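Before anything else, here is the set of structures, which you'll find just below.
You will see chain A twice below: alongside chain B first, and alongside chain C after that.
And then the complex of A and B:
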């Protein structure tokens, strides 16, 4: 058991080495970008870090975290079985708009109203992802292609649905089309921090709970084992008795359901309506986060926090005369360096482990030989 | 011609990879033509006239021989007439008989190997490394290969070949180097040693034999296949082409060449009884993989029924069949038997996730699975420092022992054993044979598929030969010789194999030898 511990600790260290290396590289490259554009390479980071002390930024980051965490988990479910669900963004937006519409049309007592909205989002998200799942299992269409296309379809569907002829409303003196405001019974209670900083969405805790469920299902259940086996080796999983098609469909449905939830912190806690200002691209950010967090629920949580920080703290940059796009560039650089550094670390770890297994066996063999000769 | 022999895992392949520049040596030097060299990589090795023919061919199926040979070496002679001329020249010089315009997918194993050799010669190699070139060939093809190699030798080329088949080494090599556990233990010439001595040098002790002594065959059928037929088709089938249709070479009937709609499995029927080992001999790619897939449930046959212990399981999914007592030692363990990046204890769960001790209800029972993994590691002598290392960090033989241990731990009613001892060392080989024998005594039925004819003959109670998706011959393992089996494996003999004289003419469309 001593050995087991040693190997585990090593795996943990290597697990941390990957993201740390990636972040260091991304940071260095960002500095280079700043220098190349003739800007002070360090001050923007100082500004971002110092904004962390402000309570309102803290609240914004935590609230953003919930959305990002859910979106990243949605992506991660797919990743764990080698499905690349690029459509999280479309699933999330379509789920949000339909949940908003249902929320407006329905009136029910508090918890029930919220539940109906959440269920709508889950169902819509799964159905939209399920389309890609069915296409893949029935016709062999790559989920990458189909989800990208479904994103475009979702975007246009949403634009059509928020028109005034359908479900849209336009507040007086505003160009903004919304789906109308959900009754207060459908607002998810939050935790008020202060008048100035606003409140932390209650849905933050739901997001954290989803992370726990994700961990439990994947690492502690038969289903999770089958899913991970499919991701590790489709052929071995099939030989072990996993129905590959069913697994693709089910994990797409789950991925879509979680994607549907990703819109809920904002809808239930913040805007209470779907408008053209509703954040776009959350699904893509989710891909970055899932990659950075290695699909591990805790890793993803930290990654989501980091990206939320980059997002929210960068708005300070504009005020100080720096382009806020620095944060975007940095996110892109993180993705690049993550992919490279993880592969490097993985190979290093594998080589090292093989080496050590060989070493230990050689040592054992030597000992045995001595014992025999003694 | 220099042969490197040693048991599996002795370091033969590592040595060759080092020569070919795929690994860097920690110490020591390599000298080519008396000159000490430092080989930086395969490209460097090629530049120095060292060429390697890998055990697994590296050819693009959908390109012609000419295209495969010129691929990556376009600068040498272009890709047109000049290249063709050069290929024909080399082919004629060493009587390789290569046809430049045939698609590689239409070629049999032996032909592909010749293309690989030509590829290496085309790049100007003066030293050829062949990694277990005979592993995939039947005895007659081995003779043809050695004939080619002698031609090369007479032209002044150096051939290094790796093998663990001692008979062929003794008959063909000029010098033999024996390696064991990564070091040279002897350098001998064929005249000096007998086969037995060589074997002892190789393993440090006497070679085990796969012989099964007393028969444990009962009359209760465990697996019954009736008229199993599977035609190529479905979405992944290539467009029908009849390239393989008129060819006379027997090797060209491997499944890769089967045009759409042709039968991969053709009316296969047999019964394996409790306590019986049924061995299937055949050149790889003649339907063995499809047969296994059909029995395990990964392929749905077009017609025919599969009965396991009296129950028709034809429509059952894989998992249900495995739960019903189907054990599986896959031919390609990396593809079908193991999760390389997962720890050993997760690999112990693989394939049996619904069975104790791995799970209780829908939950995994990680503690019990881990404890049982420790047991398997202990009982089956899996050499590992712990159960948390990934499967990838174990040697192939130890991975195989883990798989065998896992499958045996669930007391299968029927074990599908495809090349059960491929890549494992001699000690482990004997152990695996013992385990199969013991389980067979307790009533397990075994479907044994192996390229090792000695293993097939030694372990089986009944032997069948598969060729072109058909069972074309049967034999009694007590009397049949590897040569007779080899003849049937190329399709040159069918029916019941008694003595070589009884075999009907080549390619005859005689009825198969089903009882």
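And then the complex of A and C:
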């Protein structure tokens, strides 16, 4: 009993050591970058932290969190199954643009209108991810390559769809092509904080709920068990009767559906239209976050908060004469140091375990020998 | 499409052909047939630009960066390291090359472009080979990091010397060569719009007109890669690391070293490709690589992890790219007809082979394309830009059983764990 407790504590320690080590390394490297560019290495971080006290920045961070959390969960579903859905970005964008178009074309009473938009996003996201899933299960095409290609195809499709000949609109005196504004019945109600700070998107709570569902399905249902089992060892899962191909397809569809949701906080709560300003690269940020949060719903939530903070607080840096791009560098450094430190910590844990097992076996053997000689 | 894969399958690697061996005479016949078809389509549609000297030379210019990225991917994956980070390495190549290029001339730019790519490659090698990080994760990280780093650096450098936060001051271009007599002669011949003769003149003229010294270098790198990887002991060892690293290890090959060399060369090639873009534009611009690293990866897969196939893929994708650049809505429209004819030939072939189901499928696709051709006058440029990606997916879906990637590609390797 005592041993089991000790083992768990060690695992917990090792689990925390990974991200802490990674963040420390990333921070140290960012400081080095700042020093190398002849800037004050500490003040940018002070500015970013002090901006946290301002209400508008807080609201921005919380709203951004919802998008990042959903994108990261989409990636994490795949990761749990050893699937690399690099295509979350394309799925999210294509879902957002089509949901926006449907939202403009359809008019319905409030909740129904919103529901139609959300369902469109879910369906589009999962279809786009499903293409990669079918290619993998039916033809053995690596999902990494196919989703990269599908990202690019989605980008071009979107560029074509927002043209004026198709579904695009152009406001007078603006270069931006948009899909037109969704009627107010299709706006997701938010919580107003103040006139200055704006409102917190209502979809933030949906994102949190999706996190709870993710936790429940993965750790409390048969399906989740099968999914994690296939990820850990495909042959073992197959031996216990799991249909690997079906699992690949289903988890791709789920991943795509969640990716489709990722565009909704912004679309339903913020812009109410899809324009060329709609954020790009969210899927890739999602990969960073899922890695940092180790695919764990709570870990991912914290990781999403951290990255949302870096994103939003760094825009204050420009006002103070520091390049906000330092946050982008930090993100890249975080991914790299996170994966390296996780791998190192894992190996260290493995060595410790081997060592301990070896010691116990040696002690046992010694005892046996003593007994024999006695 | 079928001919292309056949060609790539049976190229330098010297893999024994199962049914039909693609020998030189066959290749020439296929080439001649393709030329006749293109020429025919040109005459029917009147889209004379599809084989003009300008079009071909633009295609060649656009194929070079894609091909270099593809070769980069080839080096790395032949040693068993998947390289999604090509895009990031290309970005580093454009930035570093442009930064040195506008200050100290284009050839220093080339050197620095290569160095920039090498930095990315080195990072990828450290992460994947030394630290055993998943190759795809590391590649994604490098893409993110390269984008962030170059944006950051641009603010410090270009903004203070006549550029802006998004672009560099202009760079002196690398010299181009034109074969004086031949080029003009080919241009005149091309201008006559005769059947076949003018098309051949167009291709020949495109190759000898206004070709950058860097292009010549890039073309030379293709046979050089083939020779190094398939005809030297060094190449054999490097490829053995991609096929079965533990077997290589047991024969005394230092697998780590070879993987490092391969990934660094990969970065250098991608970086060179990146600088080529800056050189072609005469300036560095943010987002200049435009996913060409990913297209390079696609060409390598399209080319079945072989240099000849990669080059062919790069030419094909460079050609579609050039159609877009030269406002080619009409030209692409003409090429739809070519695609329809090719698919019709494929239907005949499939029927001859008694494969009714694929034949019907191909026929439906051909009919849809024909309808598209007849119902419209132009193909939107967005669809043209999609072509390389769609082609790659189609090729992967149709021929994934015949494509053969290195056996241990992307797998983790630790010394002494075989």
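Going forward, the second predicted complex is superposed on the first by the 346 of 374 C-alpha atoms of A that agree within 3 Å, B and C clash if a C-alpha of one lies under 4 Å from a C-alpha of the other, contacts with A are read in each partner's own complex, and residues count from 1 in each chain.
Here is the rule we use: contacts are C-beta pairs under 8 Å (C-beta built on N, C-alpha and C of every residue); 3 or more make two chains touch, one makes a residue touch a chain.
Values in this document were obtained by computation on a predicted structure and should not be read as measured data.
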Partner chain in contact with A:319 - chain B first, chain C second, else both or neither: neither
Partner chain in contact with A:356 - chain B first, chain C second, else both or neither: first
Touching partner for A:340 - first (chain B), second (chain C), both, neither: second
Contacts of A:238 with chain B and chain C, given as first, second, both or neither: first
First, second, both or neither for A:140, with chain B first and chain C second: both
Partner chain(s) touched by A:160 [first = chain B, second = chain C, both, neither]: second
First, second, both or neither for A:42, with chain B first and chain C second: neither
Which of chain B and chain C A:149 touches, first, second, both or neither: second
Shared chain A surface residues [contacts with chain B and with chain C]: 140
Residue ranges of chain B in contact with chain A within the complex: 235, 296, 298, 317-323, 328, 330, 334-342, 346, 349-354, 359, 362-364, 366, 383-390, 392-394
Touching residues (chain side chain A, partner chain B) in the complex: 1, 3-4, 7-8, 11, 140, 219-226, 228-229, 232-233, 235-236, 238-243, 350, 353-354, 356-357, 360-361, 364
Chain A contact footprint on chain C (complex, rising order): 82, 84, 123, 127, 131-134, 136-138, 140-149, 151-152, 155-156, 291, 294, 297-298, 301, 380, 382-383, 385-386, 389-390, 392-393, 396-397, 400-401
Footprint of chain C on chain A - complex, ascending: 33, 37, 84, 86, 135, 139-141, 144-146, 148-150, 152-153, 156-157, 159-160, 163, 284, 287-288, 291, 323, 325-326, 328-333, 335-336, 339-340, 343-344, 347
